[in-house]
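Same chain, two partners: subunit A is paired with subunit B first, then with subunit C.
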Partner chain A sequence: MGNASTFGRRGWPASLILCGPAVVLYGTFVVLPAVLGFAYSLTDWTGWTADPNFVGLDNFRELAGDERFAAAIRFTLSETWMIVAFFTFGSLVLAVLLDRLRSVKGIVRGLFFYPYVLSILVAALLFKYLCNYNHGAINLLLRSVGLGEWAQDWMMDPRWVGYFIFAMVGWSAAGFFTTLYLANLQTIPTELYEAASLDGAGPLSVFTRIQLPMLVPTVTTNLVLATIFGINLFGQIVVTTEGGPGYRTATVGYYIYWLGVKNNRQGYASAVSFTVFIALVAVAIVQVALLRRRQVQL
Partner chain B sequence: MSQGRIRLRFGWLEGLMLLAGAVFVSPCLLALLNAVKTNPEIIRDPLALPERWTLDNFKFIFTGMKLARPMLNSLLMCAGVILCLVTIAPMAAYSIMRRKMATGRLLRVFFLIGLTVPFQIIMVPLLKLFRMMDIQFTYVALLLHYVSWGLPLCVFIYSAFMATIPRELEEAAAIDGCGQVSTFWRIVFPLLTPCTITVIIFWGLWIWNDFMQAFIVMGPTRGQLVFVQLWKFLNDQYVRNWNHIFAGVVVLSLPVTVLYVIMQRRFVKGLTAGAVK
Partner chain C sequence: MQKRTGTGACVLWVAVVAGLVLSAGCGKDADSGKVIRVTRNIGGREGFRLHFKAWQEAFERDNPGWKIELIDLGNQNGDEFYKARIATGDLPEVVMTWQLTPMLVKGNHLVPLDEAYYGKFGIPLPRKYKGRYYTTQGGIQVQGIAVNRKMWADVGITTPPQTWDEFVAGLAKLKAKGHRPLVLGGREWSAFQPLFYAIATNMYDRDPSPDKPSWTIRRNRAEVRFATDPTARLILEKMIHLLDNFVEKGAASDGYNEEQRIFYGGKGATWMMGCWIAGDVEANQVDFEIDYWPIPSMTGRKPVLITCSVPQSGWAMTTSATGEKRAKARAFLECFYDPEVYQLFLNGEGQFAAASKVPVKGPRSAWEPAQRLFDNIQRTMDEYGTTPGFHIALDDMPPPILFSNTMKAVMQEMLAGTRDVDRLLKMLDDDWDSALKGM
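Up next, the complex of A and B:
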């Protein structure tokens, strides 16, 4: 392109008017707090005292031996694992099935996407009801068909609460990930399907030989999005279990909230969030790099 | 279309998937059914039709939970944030996309970083910042937060869309002596309408549904957004009144649901816009 800029050298006052508000707002209320967060992570700031004291890397040293942080990481990872598996493979299967529909496709897709437009608080209240021990629909159903001994306190039993969170999150966002796959499925040229049917390929080999390879870009996207989604689990915990029973469902995000907002250990909370953020960026970079290479091979 | 063709297009897979979809949204249907029943009835049998249809639960939403005012608060907040976003973000995107390569790319990266920052990272210092500015726990603080928080995604969506708009129109306007700012508003902004609709749907829905960020930024203030009010009311209760919970869920999801049914395609497109890079 000859002249890449519509704005000449003298265009800066106009640029200032156009770009200024966005840069100032975003810089002040998103970037500045993120940077301040790093600065606070080197202090013992409680959030209420006037002067935080500089403590160097003490917070990060404490972090290394923090049993509750380790537990939070373990729980977050176990949830993330389920979420990633479900949103990359479960949604993939659902999308392929939806794509095969010859009618009512819009309605069915609309039904599966619907929970995604609801508030997480709505999803939380519905699941709290379904899984309630005394009055919940799941236990009532089990008792009414004579399987009363299978009834569990799904939300308070440490064995089940992890699946409870997973079910709620999976229900809320399955439609979102499925839609991304559906959009990709629509870009597959019909010639490929026609050639496959001429060669007598069944639905299974159409799936493994045509659809799966063509869907790899979206698998990448969904894998990264689902991982980030899982590691950032936070609001869903606040509105359901509040980290309980005990500390069983405290995710890393919830632990930061608990430290910073409920326990006034903001310096330490900042250290935790900074560590998590670095990990998150690293995960995203590694995943994208790995899958790029995979894509070339396929 | 003849009877036979319809039958041909509706096979076992269609029936099965339709059933699966219905089961998938059944928790919502259950909420709708039980919102018109009394609490003892719900506990006895959630699947039974109500013996006596009652609208008392819905009345309670407004008399007991006092959700009318928070609803207005939420609507006003949606309007305010959207107004700010659809003016500030496209201007920035325009300036970024029509700049010389180096500065434009630098600014793009600057905004892109914002897409990766989770709220938990900035939440604590942000509250401190608001306290220093003496606007802690106010609507101004929440508005500033929502707008700033929404900017990276909006700038990203607008820039991607702007790359598809030809420059000739702007150049013609420039030759006619139209300044850059007025060129943007008169020529470019109208062309961005599809994008603006996406942004309105995405952030309108997001802010109406938001609980977490409003809860943290507004703290213990009395005037609240609608989902925070619902949460606070339910949290103060010792007894679980499922009928009230269901009525609240139904009423607060109703506007969203109606809009979703009317314009499903736009919703799906708008809500997945940020993900496809």
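Up next, the complex of A and C:
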């Protein structure tokens, strides 16, 4: 308490200096663009001129009947659902298995984390080449082992493209989510494992009775982060499918880019962006509130 | 202790900020102001690279102390790059405009050129845009169909098919003989070429009059729509037939580079691509004969090539070029018609001279198959003529998104199995309506 009050009264120059740059950067590059974005959503700005016209709520009215926006939301949610399930629960299982490794633990963990170090663009380019129908490594491998009939156009066939994007994202970021769980697993007191061992608990009991309850805070974190990951899908789409085939893989992020950059409708793109922002804030509030309550119960 | 920490942090931040301030501008040399920045879509195209290098050298030779800085946009056109630069007030002094001239002019980003510029080199005046001229008029870019002569001769066809049905019958013969009849990738912009050809040559007047509204003008006035135009429906039905029968499985994941490799590798009989491909024949050491055919009609007209030279599309000075830089930017545009530079431009794009006062004749290549293709394109132009396709002038052009995105998306939908023509027509209409709001 004494420290806090000292800091509060006399340490303000230090707090200003320590936090100031971050606050200024955040305000300049996050808050200000968001505010300006809302202002632009009330205009017909094309991006080519300096003088947008005020159009009131016209953009929001158009949005209400925009079928392509609805399709983008559906696709984004379907990808997000898979991504959240995999990063929240798949990574959990992966982390527990990795935690049990007795040898080469570091190397195996490193291999899992390695794809996350690559930039999104590199990972996407890699998948683009892997999944080309004629020259991609996956189909070449299938053909070389006599399974040529299984070769598919993974990237541009509507039946597969959703899984292609999911696989690309899953491969890239599984290491990150797994590492969060692994870090949490290291904090579980060994006494609990010893006690469980004395009680004759098997691996499943250890997982359900000790590890899972102790990991719930990280489950909460991963759930929120994975949701953000799914909703923000963009770079991978630009590099690989460009929203295709047709507009079938246009995520909300890609649709905003398509409207604003490709279609010269910055004003309308801002309206879409602002609407999505409000919706996401609402989802995040509900999600965090529910999960915090669940944590307390556990 | 906290006071000391605060003081230390304060000193650290002051040092960092001072360092940044002091280091600002350290990378600039004394002559950094004497630079004209120019955009160009070179990517992996050797012909384009050679041309730009010669242009740059000609300018720097004639303007000692001044430099040209190339901004290579790769395979993209400039719209994303230009908008980003407009937002930061840092548009290069000279830009390639493609179909973006209207947007750049509306934003007051281009500096008009006077008629004297065109007169100096004997260039036919381009159509005015909002009453002014803006761009170099490089040559005549035409679009038609490149064919592997040997493969088509193998099925007994040595002259251009006169109708779309004849063309398709030829493709069927090629397929029956075991050849890949058509090279088409679905992943990138090039997927739209067949649809673009069909719309441009069947829905637009071949010899349009500025007094008569084009399909574009009537569409903008909502007098016509894709959904209700029988020719548009016919085109989509024929496209579905084309893709169903002559495009191989997996083509959807190929892009322009794969198309080029297949055709120049002698593994495909037909490639619907513009004359610029001829500029790559020598660079790729293509050693077989390529013919260049006009686009056959679906509606009983004579086959024709599409010319892209009518609207103003080329290089233009921007309002970033002020004072002495504007004079130098203008000097750079004049160097475009330096005979050596202009020849390399024609070679690189497979284009034909439009500047009568420049002592240059057509594209030239020491590589025999390339020169034969250039000559073949010229003969086809002489025999069949050209149509401006979509537009009479830039004011008359469909929304650019229709070219680069919508038609590609429609073709991808067909490749993906969509057979609902109404839905495909609606995609075209929806995008047109939406894009009009961004024009």
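What we mean here is this: the second predicted complex is superposed on the first by the 267 of 298 C-alpha atoms of A that agree within 3 Å, B and C clash if a C-alpha of one lies under 4 Å from a C-alpha of the other, contacts with A are read in each partner's own complex, and residues count from 1 in each chain.
In this text, a contact is a pair of C-beta atoms (placed from the backbone, for glycine too) under 8 Å apart; a residue touches a chain by one contact, two chains touch by 3 or more.
Owing to the predicted nature of the structure, the values given are computational and were not obtained by experimental measurement.
Colleague: On subunit A, which partner touches more residues: subunit B or subunit C?
Modeller: B
Colleague: Now for A:Leu36: first (subunit B), second (subunit C), both, or neither, which partner does it touch?
Modeller: first
Colleague: Name the contact category of A:Ala85: first (subunit B only), second (subunit C only), both, or neither.
Modeller: After superposition on chain A, A:Ala85 lies in contact with neither partner.
Colleague: Quick one: classify A:Val261 as touching subunit B (first), subunit C (second), both or neither.
Modeller: In the superposed model, A:Val261 contacts both subunit B and subunit C.
Colleague: After superposition on the shared chain, which partner residues are touched by A:Pro21: those of subunit B (first), subunit C (second), both, or neither?
Modeller: In the superposition, A:Pro21 contacts both subunit B and subunit C.
Colleague: Considering only the touch criterion stated at the top, classify A:Ile278 as touching first (subunit B), second (subunit C), both, or neither.
Modeller: neither
Colleague: Is A:Ala70 touching anything from subunit B or subunit C once the two structures are fitted on A? First, second, both or neither.
Modeller: neither
Colleague: So, does A:Leu57 touch the first partner subunit B, the second partner subunit C, both, or neither?
Modeller: Neither partner.
Colleague: Contact-wise, after the overlay, does A:Leu118 reach subunit B, subunit C, both or neither (first, second, both, neither)?
Modeller: The first partner, subunit B, only.
Colleague: Using the touch definition from the top, say if A:Val286 reaches subunit B (first), subunit C (second), both or neither.
Modeller: Touch partners of A:Val286: none, neither subunit B nor subunit C.
Colleague: Output the subunit A positions appearing in both contact lists, the one against subunit B and the one against subunit C.
Modeller: Touching subunit B in the first complex and subunit C in the second, residues 6-7, 11, 14, 17-18, 21, 47, 132, 134-135, 261 of subunit A appear in both lists.
Colleague: Which subunit B residues qualify as touching subunit A in the complex?
Modeller: Residue positions touching the partner: 6, 8-11, 13-14, 17-18, 20-22, 24-25, 27-28, 30-31, 42-43, 45-47, 88-89, 91-92, 94-96, 98-101, 107, 110-111, 113-114, 116-129, 144-145, 147-149, 151-152, 155, 167, 170-171, 174, 179-181, 184, 205, 208-212, 215-216, 227, 230-231, 234, 240, 242, 245-246, 248-249, 252-253, 256-257, 260, 264, 267-268, 271-272, 275-277.
Colleague: Would you pull the subunit A residues touching subunit B in the complex into a rising list?
Modeller: 4-7, 11, 14-15, 17-19, 21-23, 25-26, 28-34, 36-37, 40, 47, 97-98, 100-104, 106-122, 125-127, 129-130, 132, 134-135, 137, 140, 171, 176, 179-180, 183, 221, 225, 232, 234-235, 238-239, 253, 256-257, 260-261, 266, 269-270, 273-274, 276-277, 280-281, 284
Colleague: Where on subunit A is subunit C touching in the complex?
Modeller: 3, 6-7, 10-11, 13-14, 17-18, 21, 44, 46-50, 67-68, 131-136, 151, 153-158, 241-248, 258-259, 261-265, 268
Colleague: Can you check the complex and tell me which residues of subunit C touch subunit A?
Modeller: 2-3, 5-7, 9-10, 13, 79-80, 83, 86-87, 103-104, 106-109, 186-188, 249-254, 258, 399, 401, 404-405, 408-410, 412-413, 415-418, 427, 430-431, 434-435, 437-439
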